[in-house]
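So, here's a batch of structures to check.
The two complexes that follow have subunit A in common; it is paired with subunit B in the first and with subunit C in the second.
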Partner chain A sequence: MKADASEIVVKTIVLLLYAFLLAPLVMVVATSFGSDAVESFPPRDFSLIWYAKALAEPSFMQGLKTSLWIAAAATLIATPLGAAAAFGIHRGRFPGRNVLQALLLAPLLVPGLVTGIALLVAFTALDVGTAPERLLFGHALVILPYSIRTTLASLVRLDPALEEAAGLFGASRLQTLVYVTLPSIAQGIFAGALFGFILSFDEAALSLFLIDVDTVTLPIAIMSHIEYSIDPSVTALSSMMIMATLLLMILIERLFGLRRLLGA
Partner chain B sequence: MASIQLHNINKRFNGASTAAVSSVSMSIERGEFLTLLGPSGCGKSTTLRITAGLTKPDSGRVLLDGRDVTPLNPAERRIGMVFQSLALFPHMSAAENVAFGLKMRGVDAAERKQRVARALDLVHLSQLADRYPRQLSGGQQQRVAIARALIIEPSVLILDEPFAALDRKLRETMQKELHRITRELKITTLFVTHDQEEALMLSDWIAVMNEGRVEQWGRAGEIFEQPKTRFVADFMGVPNFLTARVIGAEADGARLTVDGISFDAPAAGGLAVGETVEVALRPDRIELDPAPSGDGATIIDVIYHGLASSYTVALPSGRTLTIRDTNSGSGLSRFKSGETVMPRIHAKAVCYLSA
Partner chain C sequence: MSEAAPGAASLEPPRGRSVLGDLADLFPRSGFLVTVPATLLVFFGLVLPVGYLLLLSFNPARAGVTDLTSDITFANYLRLVGDAYYWRILGRTLWIAAVVTVLSTTLGFLLAVSLWQSNPRWKGLLTVIVLAPLLVSIVARTFGWIIILGSKGIINKLLLSLGLPALQVMYTDVAVIIGLVHVLLPYAVLTILASLDRLDATLPEAAKTLGANGAVVLRDIIFPLALPGIVASGTIVFSLAMSSYVTPAMMGAANSSVITTVIYQQFVVNFNWHFGAVLVAILLAASLLTILFTLSALARFGRRFGEAL
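Presenting the complex of A and B:
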């Protein structure tokens, strides 16, 4: 049976792939429950001591606060901008539309490191902004493509007859937008916002170039922490972040279906 | 006064090499049901969209109840429309969908509620008012779409192939429903379909369209009985196209002959003995009689349909005819492939074609 053989090969590859992706995460979560001062795998006993330590570490808590508000604010900026840009790209008939779309999605392709250096040079040259403002701007820029992408996917799927029907039954253009179009694509916009939030919260490479001593995001705080100490409080913190992200993803999947939102 | 009047409508889409609609004119009276019938791409949907105001014509005028509405948008035309995709608002309940047109026109909540209840009752959907479209079956969604279109008391109801996606049984139910509703309300209706049976059962008037033009316009029965062109005949299910010779032309009837088979035909002006004439023969008005072998026509294909069987019959000249002959009820076709038969062509089978 040839089909069976190839099926086994595919399944094995998929299994190995998942193992490769997940093994480090499993290691991190497992070691976080030990009580040793140095990470050991498997942990020799079970303890939540490093969770307590992580939650008591001021640099972590300060970083968490910074990361949360920057993620929230960047999402609030990028979501309406991205949604509006998606409308323009989808509805507009103007020369250079494809170029504009490519440009707007470019932050997806440019490495965070490069964007970070570019922004640093630009901000310094123009002498604008404090660290929080620079972080906010940089993060909004990087998550903008997600908002555009998910809104665009929703717009492409939207039946044009819906808006025609609204107009035909007496709705003005504004009423059509408010009562019909926006509710129909709200899921896409919301999903883009969630993705953007997670991405901003997670962002390290870009942030490296935009922080200052008083404004440090959580990923940067973790990096500087492990520069001079390798205690498992970092693994405890990482485990909590993994859980939070996982819960968010499950929420998105349950509410809207990931595949549909990514326009696949 | 005519309820819908189209005057010499022309439309060519940007970049298209041929016109989507060219020189289309038609008019129907208040309360009548008009169907635009034709294959996909024949311009029927574009004509409908121009009537609704969703597409602007390049030239020509649209009049509703005698008023020139050509420059007006769809809402100003007071049109109720059922879209091909139905276009129900997915985030609104059935009742909210139906109420939409009233809400946008500023009708107050109390009156809205009353009229929504009446509209849902008309389409037998009162119990499902709070369901969302995705919780309704295909037929129920159709009913919501019809109720939404009717609630604004439109001057014209427009439907764009609404039943195309339904299975056969449900389609028949919905056709009967639409027939009942439009007759009950005496509302002027413009309907688009590619299904000739649907057109016949619903319409007072039919406009058969082909390549952007009205190929034939007439009462439903007239289109069925007297298709004037090869295209219309073919579309109405009349496949046998022949050139016949006139051997008799009287005031009360004519006599034609093809390949040695002679038959009576309806009287037609301008026929002269010795002339040839283009005809189409209706397959279910030709009977088959058994004939001794070597004399008559040979059956080359048989398809059993239940009530009748359709036969492909080869005449001595090699020309084939499609014939639909009623079965005797034995569960079998009356003739088998290879048998010799004599086709008996009834006068009512003959449709004269112009060119």
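Presenting the complex of A and C:
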């Protein structure tokens, strides 16, 4: 097939778009390996000095610890809750399952800022929860829909003949669930959990309203650091976050397919 | 999706097997029970708090008071309507969201078509690149834009070395638009791709065989068929652009507010929660109207297209 002029124009635009999508990420990673005190591109030399500085900054390390355990705990709460709910919606025989599904996916539609404020007002009015508890609750709520979605997608794809066969061979329903159904959808559930972990780890708008002085998540620690000074230790830290996220994304793409996970 | 798998119905539970078997029998039929924990989380974490917040907007504004009273008033709404400052904020919010929507949807369409037609070998990698802005921390992403667009950033260094005057892009509305297009482009691509995936992948080839060139194929064949996805993408991008907070807060000018940054101010700086709740109500209503508008537009396309949402 011969390429015409319009095709070349479109191809050029698409290439530029890929460059646009990658530019800020690549720049952060590239500049993080220099030793200059002001971030510069291209870096004049190769050095890991800013990585060492970033890892020695107490507010970053505290933030990293907080973000890691909140993301892990929120994922551990949201994954079984979401998977169970997806089972109920897919296999249940009760009325109003469509409405329930819409309700359970609602945290996706409400902006993080609004969810954060609503939770702040509710927690304050009731005077309950410490900052870590509030963060954990909010994060579990926000990532719940992803767990529901991946489990639902896996259940829809599951060949019913497999379960039928297990039943014919004398497996009880529980045995079928444990030995046939769950192993078949485990990859999807795991991909959803990874995705939820990334989302929680990177969350900023919701957390703003649930933190206190002693409990600050990493994105917010970086945000407040940037307000005072932009130094290359932030570049090194951001670079680590970018590389970790890209690695996890590739893993999810391999395990499950990113597009299916995002519901498109 | 809500329909049970056909096989599940024909799965006859083996009778009188074991206690465990009977216990498991409960599971598929009373599926409602297993949805209860998640439902409680969403009900107490989202429905009640947002409802409470909206009710708060009808109470007289009193600093530090968070309890609901039966003292219903529209004073907070009247204050908003009567103040030109808030109309300007709303205007700027809608304007930025509109520009971001047009850019993201147009560029997202081109990107989606190229991804749709890409070699399966590279599809996975290209998908990761397209979706990266969505998942990489907003803070790290914004920091990348500071390196590129900042006053001593790469673009300005390039301009200066060419003897051109430096540009002030960072901390302007232009920076906010760039940042928002960057993060919302993946949503546009995903939504439009969902529409494209329903089409026969050999369609463009067939059109070309019949003599259409690339532009004609895009404009007269793919575009009309992808229209439901494009409309849906516009809605999603518009409501996300309106309600994003971190990008305008980190990349915009301090004196150039949008509705979300004003909401943050009302709640965190001014402690005027009742008035802040009015702004939240406006934001949610605007998102809802956008979605309803699109649903009715898609309904006009006919039932066949409605599935694209």
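Here, the second predicted complex is superposed on the first by the 243 of 264 C-alpha atoms of A that agree within 3 Å, B and C clash if a C-alpha of one lies under 4 Å from a C-alpha of the other, contacts with A are read in each partner's own complex, and residues count from 1 in each chain.
The rule is simple: contacts are C-beta pairs under 8 Å (C-beta built on N, C-alpha and C of every residue); 3 or more make two chains touch, one makes a residue touch a chain.
Predicted, not measured: the structure shown is a model, and the values here were computed from it.
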- Partner touching more residues of subunit A, whether subunit B or subunit C: C
- Message: On the A-aligned overlay, A:G167 touches which partner chain: subunit B = first, subunit C = second, or both, or neither?
- Response: both
- Message: Quick check for you: in the superposed arrangement, does A:R93 touch first (subunit B), second (subunit C), both or neither?
- Response: second
- Query: In the superposed arrangement, which partner chain does A:S184 touch: subunit B (first), subunit C (second), both, or neither?
  - Reply: first
- Name the contact category of A:M27: first (subunit B only), second (subunit C only), both, or neither. second
- On subunit A, the footprints of subunit B and subunit C overlap at residues 159, 161, 164, 167, 170, 172
- In their shared complex, at which residues does subunit A touch subunit C? 1, 3-4, 6-7, 10-11, 13-14, 17-18, 20-28, 31, 38-39, 41, 81-82, 84-85, 87-94, 97-98, 100-101, 103-104, 106-107, 109-115, 117-122, 124-125, 137-138, 140-141, 144, 148, 152, 155-156, 158-161, 163-164, 167, 170, 172-174, 176-177, 195, 198-199, 201-202, 204-205, 208-209, 219, 222-223, 226, 230, 234-235, 238-239, 241-242, 245-246, 248-250, 253-254, 258-259, 262-264
- Which of the residues in subunit C end up touching subunit A in this complex? 1-2, 4-8, 10-14, 17-18, 20-21, 23-25, 27-35, 37-39, 41-43, 45-50, 52-53, 56, 66-67, 107, 110-111, 114, 124, 126-148, 150, 152, 154, 182, 185, 190-191, 193-194, 205, 208, 213-215, 218, 240, 243-246, 250, 260, 263-264, 267-268, 273, 276-277, 280, 283-284, 287
- Message: Quick check on the complex: what are the subunit A residues that touch subunit B?
- Response: 159, 161-162, 164-172, 175, 179-180, 183-184
- Message: List the residues on subunit B that touch subunit A in their complex, please.
- Response: 52-54, 73-75, 79, 81, 83-87, 89-91, 100-101, 104-105, 148, 152
